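As structure tokens, the structure follows; a few thoughts come after it.
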């Protein structure tokens, strides 16, 4: 793996996928190091806000050297990003984080579960598993608020897709676990990203069906590179690096074996 | 006079007049209230700097509703302004300050003396005196560092122009007072703007030739509207508003009768 | 929807005030803002006699704020009574006069002169100005001195008094308690934090006084923390200030424990700030379904 | 051109250091910056045993800076000796180990363990962390307590010690003098200023610990002022920090009286900041015709 860098990337395109959900493509050498489940830090140009915004990699093209990110407008930083137009430059920090352990999928029945803004990083994972992995089977369950099921058309290319919506407008009415049960989805390995309550549900479901679960966590970050100890999560055992029951989400994660976490 | 306002103005054009000297034209209703020697506050859009930059009005067109300002790139704010392109919007505060008392020129021999970045506001004054004033005669002395005698071509339209340059490349080698002496310029009224040492020289020269001098001062400002008391100058007598020997440059000035100041 | 708050028996139509020294006597900003919309106008500090203040430069810009060392230039209380108070009487807003002095007697003189001015609803006592050599902050950095001067002023004051606290202390809670124990009706905070800027090319201080008071958004987290600590240490109402730029900031101070809020340096960035804060608070209350603004005070604990 | 400075007998190739807790043990930023270019690496605070630190959220962004309440999570001094110090030994830079504790004995235990580590050139004693409940800042807000603990640590330390001062005090000069009187070889300042942020929509504190330490450009004017005051109060060298983002800022601290300077939160904004500061100082010296960096120290007075 190459060194992490802070560099300027060029905006290639940006469009809106759903209400408040943006799809941004960047030209950058960092794409060469990208893997599914990793993330970058994006710096607002507004000089009163100084910290990078952690955003997952949704897709990457190593030959074209492009990164794709899909994000929700959540505050001042993302609101600024939403204004970017082709040709604009943006400072980014990357490639950050460990990413999903795709090798664990080899020969296994894989289930990918995403919820809300946890959906985007799983698209890159599904593509990688389909194109370069050796998974025996790929099922996917994506949860949305309503009929704005962004990215679902793209997921369908990589396996069987189930959808859950809170308002029941598409697929199962309810959450992703409801959809798993309704469709009696079996799996050996689960990869997941989404809000913490959903991840807890995923970990419990994995136990039920005796699958391994690898889940991607979120926390407030400052450095993004493992130095500040801002972004920790609780681990069951003493962590190798910290020597206490804390792991750094930005470097030891964001993807963890659910069995190793105190959720 | 209308109320002061903070409003957004549109950039019409911007060009460079000399090394580091910019000529910016803005479309704004504030132009209707503008007079020579007054100024506006320009807000950087960089959110880490919050105070308006005071910049004198170099010219105005009340029918077209345009303001012209000429400024030197001196720091982060002006460096940002220099990047503005037609169509950009910029927040401005105005119209600020009292301006030159053009009525004092009526029937008089007028001498206008400018130095460095004090030159621009005098262009609007010369134009006003020529077009709407009743001055008996207008002479002008402008001091520059070198042969980059920005705006001098425009001054020539309004009266007899003498130039002083520090390096002697154009006109008198030396300062504006050297040029006044060399050309034995007589006057009843002097209007001046420039660095403090020059203004002291102007006040002394005015005494010598028994002229009245009205000089425009600079000081660090915060509010620009007379509220913070940041921008005072020392007055000979107790000031009417402050009840101490201080006048506010932003509202009582920037133009003062030199006789009333403790220079 | 009720936006009015009560501080020591005085009712304010809303909690939004101007921070002393950043709004002149209200006259300068009346061109921009309808003063009738404000909870109160807090005037620039006034002494018993005119003060000339400090040499220039008196202000300097810094990241997210500014330094000032005006040195409490003011025309004296007599001019305030003759000129500024009559101007303010025409508006339907409360008037709080900020009082400064070099000795206890100075403060008392001003307080006495203002005693029968019915256009003055409260007095804010500035014992926290970092920019004058004597008096001022000396009272504001020692709980005993603060207690003594508060007591003496309270003996003279006809209007309720607000002791304005300095953030340049180890324990703001201790200072708040001293003011309360001496009978202060309310407290306000924070005054500016002492700072310095050096011009590395000119090799001089950016402020003639060397140090100046830091204000603006840069100090907001410190101000919110101190308002929280002070309001948890005393029972008297707290007026919060320090970097308020918009309604969100003002609400943050109220949730931390402030009954009133004041806009300072951000008036210089945007002369409409006070009005925007008033309107933004109303919008927030509507959106959040809050019918009484008093429900916000100290609601995050 | 000489860029080296001497602090209590230790020579630094340049005055630029990393602020403790913002640079890990150097390992994390070695990907971005050649550590050989730095005057010193100052490590994250280390205690005698591993500390788990505070619950999350531990960091929050604020205008021009951030709040943190990490709570001094650290793997304990033994791990530092086995893992981090050997890593740092390979670089041609000085190593300053930042030490934390809850009791005097805690500090002494760490200092004793580091005594015969020749890869450790100085010890920085953190008695100013606002984010731990006991110890820490309690020593850093009372001159007597500071004197006592400094004395005790000095009795044990084999390396020269730097007492790191808290800005959350009424008089920084008094604290500096207490450290000097007790035998501290140098002082460093400022640690973070205690702040608070409230999320007005979620109605919660942005930091689980309620309060956090404010750092970043927002605090620079306060830090410069305190470095000026402290360096004028004592004869021992001062290491200055607080919001340094570039060489201009670093030079400002030196002109105010700092012999060394440290980059903290701005590493998070730009991981190359330390290197840019080193190069920018050299450029400034060339442009201004300054041949010895020591001529900058305290040059504005």
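Think of it as A, B, C and D in the order they're written, each chain with its own count starting at 1.
Everything that follows uses one rule, which is that contacts are C-beta pairs under 8 Å (C-beta built on N, C-alpha and C of every residue); 3 or more make two chains touch, one makes a residue touch a chain.
Worth saying up front: this structure is predicted, and the values here are computed from it rather than measured.
*Asks:* Can you tell me which chain lies farthest from subunit B, using the average of the Cα atoms as each chain's centre?
*Replies:* Chain centre farthest from subunit B's centre: A.
*Asks:* Pick out whichever of the two, A-B or A-D, is joined by more C-beta pairs in contact.
*Replies:* Higher contact count goes to A-D.
*Asks:* Would you kindly tell me how far, in whole Å, the mean C-alpha position of subunit D lies from that of subunit C?
*Replies:* Taking the mean C-alpha position of each chain, the two centres sit 34 Å apart.
*Asks:* Calculate how many whole Å lie between the centre of subunit A and the centre of subunit D, each centre taken as the average of the chain's C-alpha atoms.
*Replies:* Roughly 36 Å separates the two chain centres.
*Asks:* Quick one: report the Å distance separating subunit B from subunit D, using the average Cα coordinate of each chain.
*Replies:* Centres of subunit B and subunit D (C-alpha means) sit 47 Å apart.
*Asks:* Between subunit A and subunit B, tell me the centre distance in angstrom, where each centre is the average of that chain's C-alpha atoms.
*Replies:* Spacing between the chain centres: roughly 58 Å.
*Asks:* At least two other chains touched by the same residue of subunit C: list those residues.
*Replies:* 63-65, 217
*Asks:* Which positions in subunit B touch two or more other chains at once?
*Replies:* Residues 48-49 of subunit B touch two or more partner chains.
*Asks:* Spell out the residues on subunit C that touch subunit D in their complex, using ranges where they run on.
*Replies:* Going by the criterion above, the answer is residues 62-65, 67, 141, 168-170, 193-198, 200, 203-205, 210-212, 214, 217-222, 224-225, 228, 243, 248, 251-252, 255-256, 284, 299-300.
*Asks:* In the complex of these two chains, what residues of subunit A are touching subunit B?
*Replies:* Contacts found on subunit A: 46-49.
*Asks:* Quick one: in the complex, what on subunit C touches subunit B?
*Replies:* The contact residues of subunit C facing subunit B are 21-24, 28-29, 31-32, 44, 50-53, 56-61, 63-66, 68, 70, 73, 75-76, 79, 216-217, 265-272.
*Asks:* Which residues of subunit B touch subunit C in their complex?
*Replies:* Per the stated touch rule, the residues are 3-6, 43, 48-52, 93, 219-233, 241-246, 251.
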